[in-house]
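Chain IDs A, B, C, D, E, F, G, H, I, J, K and L follow the sequence of writing; residue 1 opens each chain.
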Amino acid sequence: MTSISSPLSSENKKIVTDCLQGALIDLIDLSLEGKQAHWNVIGRHFRSIHLHLDEIVDLARESADLVAERAVAIGSNPDGRPGTVARDSHVTRVDSGYIEDGKVIAIFTDVLESIIRRMRERVDATETTDPVTQDLLIGITRDLEKHHWMMQAQR
Amino acid sequence: MTSISSPLSSENKKIVTDCLQGALIDLIDLSLEGKQAHWNVIGRHFRSIHLHLDEIVDLARESADLVAERAVAIGSNPDGRPGTVARDSHVTRVDSGYIEDGKVIAIFTDVLESIIRRMRERVDATETTDPVTQDLLIGITRDLEKHHWMMQAQR
Amino acid sequence: MTSISSPLSSENKKIVTDCLQGALIDLIDLSLEGKQAHWNVIGRHFRSIHLHLDEIVDLARESADLVAERAVAIGSNPDGRPGTVARDSHVTRVDSGYIEDGKVIAIFTDVLESIIRRMRERVDATETTDPVTQDLLIGITRDLEKHHWMMQAQR
Amino acid sequence: MTSISSPLSSENKKIVTDCLQGALIDLIDLSLEGKQAHWNVIGRHFRSIHLHLDEIVDLARESADLVAERAVAIGSNPDGRPGTVARDSHVTRVDSGYIEDGKVIAIFTDVLESIIRRMRERVDATETTDPVTQDLLIGITRDLEKHHWMMQAQR
Amino acid sequence: MTSISSPLSSENKKIVTDCLQGALIDLIDLSLEGKQAHWNVIGRHFRSIHLHLDEIVDLARESADLVAERAVAIGSNPDGRPGTVARDSHVTRVDSGYIEDGKVIAIFTDVLESIIRRMRERVDATETTDPVTQDLLIGITRDLEKHHWMMQAQR
Amino acid sequence: MTSISSPLSSENKKIVTDCLQGALIDLIDLSLEGKQAHWNVIGRHFRSIHLHLDEIVDLARESADLVAERAVAIGSNPDGRPGTVARDSHVTRVDSGYIEDGKVIAIFTDVLESIIRRMRERVDATETTDPVTQDLLIGITRDLEKHHWMMQAQR
Amino acid sequence: MTSISSPLSSENKKIVTDCLQGALIDLIDLSLEGKQAHWNVIGRHFRSIHLHLDEIVDLARESADLVAERAVAIGSNPDGRPGTVARDSHVTRVDSGYIEDGKVIAIFTDVLESIIRRMRERVDATETTDPVTQDLLIGITRDLEKHHWMMQAQR
Amino acid sequence: MTSISSPLSSENKKIVTDCLQGALIDLIDLSLEGKQAHWNVIGRHFRSIHLHLDEIVDLARESADLVAERAVAIGSNPDGRPGTVARDSHVTRVDSGYIEDGKVIAIFTDVLESIIRRMRERVDATETTDPVTQDLLIGITRDLEKHHWMMQAQR
Amino acid sequence: MTSISSPLSSENKKIVTDCLQGALIDLIDLSLEGKQAHWNVIGRHFRSIHLHLDEIVDLARESADLVAERAVAIGSNPDGRPGTVARDSHVTRVDSGYIEDGKVIAIFTDVLESIIRRMRERVDATETTDPVTQDLLIGITRDLEKHHWMMQAQR
Amino acid sequence: MTSISSPLSSENKKIVTDCLQGALIDLIDLSLEGKQAHWNVIGRHFRSIHLHLDEIVDLARESADLVAERAVAIGSNPDGRPGTVARDSHVTRVDSGYIEDGKVIAIFTDVLESIIRRMRERVDATETTDPVTQDLLIGITRDLEKHHWMMQAQR
Amino acid sequence: MTSISSPLSSENKKIVTDCLQGALIDLIDLSLEGKQAHWNVIGRHFRSIHLHLDEIVDLARESADLVAERAVAIGSNPDGRPGTVARDSHVTRVDSGYIEDGKVIAIFTDVLESIIRRMRERVDATETTDPVTQDLLIGITRDLEKHHWMMQAQR
Amino acid sequence: MTSISSPLSSENKKIVTDCLQGALIDLIDLSLEGKQAHWNVIGRHFRSIHLHLDEIVDLARESADLVAERAVAIGSNPDGRPGTVARDSHVTRVDSGYIEDGKVIAIFTDVLESIIRRMRERVDATETTDPVTQDLLIGITRDLEKHHWMMQAQR
């Protein structure tokens, strides 16, 4: 069966693959938890948060797609199936049921902070192993850090 | 804490809630499995299927959002978190790794067929309990059946 | 003088006409009360509500137009003149002068709830008398219930 | 040879297929007769009718496409070839040569009235056999009835 | 409770408030009567008038919004509720039921003429009291006079 | 009754009229057969052909409209009614039922080839009789020949 | 002083220059007379003719620009100044003051007919002298003949 | 025959009519002389001036249309026929043949200056006679003065 | 060296120049202070104010450009360099560091109020000296007063 | 192996193929030389020429694509590979390094002139051999002659 | 009071903050000086430079916003108030009054050169302290260097 | 003669210039070979590959332009003339005549692989010599690697 050749050495490919797979899980989970809160948030600030979360979900979806397509482009197989996400994700889960607006802000401040921490580790890990992947991860990190500020600013 | 009042009787609300939650799980799973295949498909028909799957993913995402917002609008709490999707979904999972184009067509023909069967049960269950929800489910079923035909036609 | 023939029996036409005329009054009144609050709302949540009300007004205007054109299409004469609206509307009126943001949310939660209740009666009344009209009313009801949820969520 | 599976029982599929094939013939014929009049109409109201007929043709073409794709989606084969349309259509034909504006209005008032009557029979016939198809036919009927009113209003 | 400070002296504010409230009533009523005729007009010129009235309604709605927001901006409370419009409007009402095309033209020629007369009085009254409001009223008057010409030209 | 004067001599008008009427029949038939195959095609190349055929149908519809309006502009009456198309068309008909992708390509290669042959005869016939019509026919021929190449290239 | 070289022989250039200058005068005059009638037309068909004339003015302006730029491109100097247009134009002038709708149709039917006659002479004159210019003139003639038909159809 | 009633006294109407007719002649002439130079300009700055003149022509055409429609709206008959423009215009004419870029700048600086001087007289004359017309003339004057600056800046 | 001639007398030009230069400083300062707060605001209403301030900045930038280009058009030299803004501005400065949302609202309510007061003085000063400039200043004042209301409404 | 059938006789096909291949080489070379100058031009008129050249490059690319696709459509194989362009092109090459603005104008005036001369020979050669190709070449020639004028006008 | 947490160590944060604050001052000053010259430039190349400067201003504004939002995202407070810009900027100021086109080019060549030099120092300083910020600064530097080339090319 | 100053040391400039010139040749050649195959490809997968190649050509053209403009911005002269491309390119050439679809995929998999290998060397070479150029090359490499994957996936 056909497989995709890699522009990277097999050693580097392994490191970069781990970074991309980790980022993929983080971003898919962010998109799903973001939607969960988008639907179930209540409180005086409902509308503002409801709209803000959709911007985060859009970012997460687009970034996940770029990250996964980058994985195939270096000859790996991204895995974004729900079971994998449920098993491997480090993202703090939101509870079921209504979530008060203040709590949404607190949760997503934390969620974004932990994803950013892992993204920065991946930025470091790809610096010499694959600068092309690094550049992609840097761009996503910048967007996540912007939303992290905006979440915090509303506390 | 605030909660959202329902335009439905509590009995009908329970039935409709189950239908919407079931549809939500099906549609989120479809969007995730669709992306998984979008990334990992290989074979001579790669490009055609790669593009087709993205249309299905777009449909699944938009429909999931409508279904979940409908659930809140009738006073329920949709649950679209990855753990819930992984636990409750009836969708046949695609395997990890590369998937040959012919196999993608076979799998998604099956996946769509089983979702459509459940959607039609939900259409029946909501006919008298909530025609407003039923109308939404009918529209989504129509779109799914269109893609089911297109998948089959490529076998 | 020319008049428009009806695809309905005269008995059904009468029932459907009443539903459409009732919906028309509700929707025009909603658009006018919505604008009244859009202009006179004050409070910390001013901007969010000011924008939200304009979405409701847009929905009310577009739906009113569809409902009135549906009435002519079945051979009736819709009546949306200000005197008729003032006389026949069941919508709770907002007071003149400034309206505090919390009060706007309370009033429109009530206003939407009562319109939705009447819309659902019309959905029932048109099920056998004219499924074409019923389908239109169902679509409008869905949109109104969405805004009803969003209003409530901000309480 | 591949064929498309149906979400309907074979009995229901037969009824629904007949409805869709009948609608297809009506709509294709409407699009062709509409163009014929669009080109050959004369009289003081030429421009108004010339433009109005193109809106009807657009509606007829888009609806025909939806109806035919619905037929394949339930496992049938739509037949919209010119010979079939010429043989099976119940639409009153416009004569060749110039058509005076008043006559165009009279003809298309009749044409639309007869198509609407058949569409409503199809709406009834699909209510229990396939609510998904019924919903599509209801939407098309609503648009046709709107243009029927507008044609009549110009008499 | 918060109120909005005015850039005008209290004397000027009173005069300008009256002008704006009067304009608001005229414009809302114009939008509602315009829609009433848009729906119920019949006759050979149906399509042309049906479309023309919608342009007038759009103008009336946009102008009403500008006028009402101008009122709040100078520290007043606009009142555009249906009861107020029904009570205070000077606009000649169209009758219920079908309206022949020639009659629509005659009525709206009159309606626009009387609104324009009152708008010009308001333009005069605001010249020294508030040139900012005057400029807004002049712009609206120009648009109304354009449609007044077009209505007349069709007599 | 009004008729349209011609910029051509009666002799030339006759020749040009025949060319335009012939082209009209070819193009309407192409649009109908193209849709027929667009709906009923099956096989591994389904999606590619399904999309390609819609481009051909769009071209055929737009060209048919230009050709028919050209006919009226030279004082003739185009006839594009289904009966006329069924009777006069030289286009090879596709069969009813599913059509395999390879067969679609073979049929439309032939269909386009025969239409192009007739279009080139019309280009010759209008060179001296009406260069304005010739220029229109040349443009349509160029587009048809482009699709003829693309069909063949897929054999 | 710089001048623009011509791709034509001096003999051909002279013939083509005359054709283009003649077309320029015709088209500028058409645009000015068209606007004159656009403003001063009255009668029941006011709106339809008012809009139609603006399409003709747009066509005349765009064509005049193409024709004049073609003249410079072959090394000539187009002259479209008002005095030249007033002196050289063969277009029948509309009278000052209001023009009844029926009269507008009669005048522009004549105006277009005479311009078309001259355009066809220019098409003949440029066939061998400059096929590039001929192709431009043919395209403009086609558009003028379309509007000529539409004007006549309203008689 | 129908005529359009005026919102102005007959004395004021006469003054305003003269202003509008004068502005119309200036603006049409500007549009024609602007195009003349747009086509015939040569020199190193050709491209810059060629593009700049088209912006002036667009402004002149749009303003002429607004001015003429304003004239009908106050019950007058604008006259923008080529003979009238040739006879009444005060605009300095550009010569025929090529015009060097520096000369174009000099001419249009003068042309705009003289039009602006007359526009300002019209602004004065309409201040009390018709503030609605004055507002229109002020807006056009502002745009002309902007282009006057830009022309001068290139000297 | 070239300079731009003025349509105003030297006396009027001096007055109008001062008005425009004053407005320019106000508007540039508003745009910079607006951005400062846009970046540094914190608090529960962060998102709403963050977005609102960007609308004010857009308005300030566009208005500053119009005001400065108006200054050149009357033969003056606008000065919008940072040193000039820092030296001449009367706008109350926001402090460095984070600014709480409530404080932002209080500050910009004051800032807008003081700019509006000066703009109204400029509107008075230009009434007879240059109505063209006055019209521009009136338009900007209207927009500023709208945002002043919206700021206040959030207190 | 599949090959594309031709609508032309083999003799005509040979002539037309040569014309199209020649045009292809000219147009690709024009696009590459145009970009070369777009990047390396310097001088006071840099910006104007830099932008103008990009319009020429866009035209050359689009025309090359049309010409090459026309070649395949008549059964030939266009050859636009760099080696073929380098070997067969008759276009005068620009030197490497910076090119002064005046020189760019001189070079591209020549380059366009020589391409136009060859294009006109191809227009003649295709008149009887393939009017469909001729029409395409005429259109491209018109665009080239327009840019030739504009280049010259800047000398 | 809330403050924004930083993804950087306090040492790195200090270095990166200085880089961002320095870039902010440079970019705001560039936008203000750019507008100053955009308004006051004169000379034959006025239009070209006037337009070019607006592109630079747009770039400067957008970059300033990204830089300032990046500062908040790393937990700092950007300071872009006019007094700060006037005090801290290293950009060479343009003089008041008209500026000849050649001088504008000389000044902005210098201005861009000095900003680029400082930007490159910031790119170096952020390489290890914050690659996310570095990536942003690199992108801005690339755009500035492009405009630096274009300015120089016009000398 | 003017030349463009460089932000780089002369040593670094030399290295970076070589990288950019090499990338330019690769990308221009890719765009030309891509078009060659776009036109001459045949086989069952014709349409899919025909469309895919145009995306690659668009990428190659846009990237070539960025790379060449980057070269001028660092003070070098890019050379993209056909002779230089033909002489210096390392890209494997496609043969003349028809190319079977499978062969196109094989060739462009190889072509992209070799370009990517050279691009990655350039990314390394510019890391310390010019991070601004490196960032541009990284972005282009990412896009090329994406298409490399897609080509391979179709093998």
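Everything that follows uses one rule, which is that contacts are C-beta pairs under 8 Å (C-beta built on N, C-alpha and C of every residue); 3 or more make two chains touch, one makes a residue touch a chain.
Only a predicted model underlies this, so the values are computations on that prediction, with no experimental measurement involved.
**Q** What's the overlap between the neighbours of chain A and those of chain L?
**A** Shared contacts of chain A and chain L: B, K.
**Q** Could you report, rounded to a multiple of 5°, the rotation needed to superpose chain C's C-alpha atoms on chain F?
**A** 120
**Q** So how far apart, in whole Å, are chain C and chain D when each is placed at the average of its C-alpha atoms?
**A** 31
**Q** Determine the centre-to-centre distance between chain B and chain L, using the mean Cα coordinates as centres, and give it in whole Å.
**A** 42
**Q** Distance-wise, how many Å sit between the C-alpha centres of chain B and chain H, to the nearest whole number?
**A** Chain B and chain H have C-alpha centres separated by 62 Å.
**Q** So what's the Cα centroid distance for chain B and chain E, whole Å?
**A** From the centre of chain B to the centre of chain E is 49 Å.
**Q** Indicate the residues of chain C shared as contacts by at least two other chains.
**A** In chain C, residues 2, 4, 42-43, 48, 69, 72, 135, 153 touch at least two other chains, as defined above.
**Q** Between the chains shown, work out who touches whom and classify the graph as line, ring, star, complete or other.
**A** If you draw each chain as a dot and join those that touch, the picture is no line, ring, star or complete graph.
**Q** Touching chain B in the complex: which residues of chain A?
**A** 1-4, 28-29, 32-33, 35-36, 39-40, 42-43, 61, 64-65, 68-69, 71-72, 77-87, 89, 93-94, 96-98, 100
**Q** Quick check on the complex: what are the chain K residues that touch chain A?
**A** Counting only chain K, the residues touching chain A are 2, 4-5, 7, 69-70, 72-74, 131-132, 135-136.
**Q** Hey, which residues of chain F end up touching chain J in the complex?
**A** 113, 116-117, 120, 123, 127, 134-135, 138-139, 141-142, 145-146, 148-149, 152-153, 155
**Q** Which of the residues in chain E come into contact with chain G in the complex?
**A** 45, 48, 51-52, 150, 153-154
**Q** Once bound in the complex, which stretches of chain F touch chain B?
**A** It is residues 41-44, 46-48, 50 of chain F that touch chain B.
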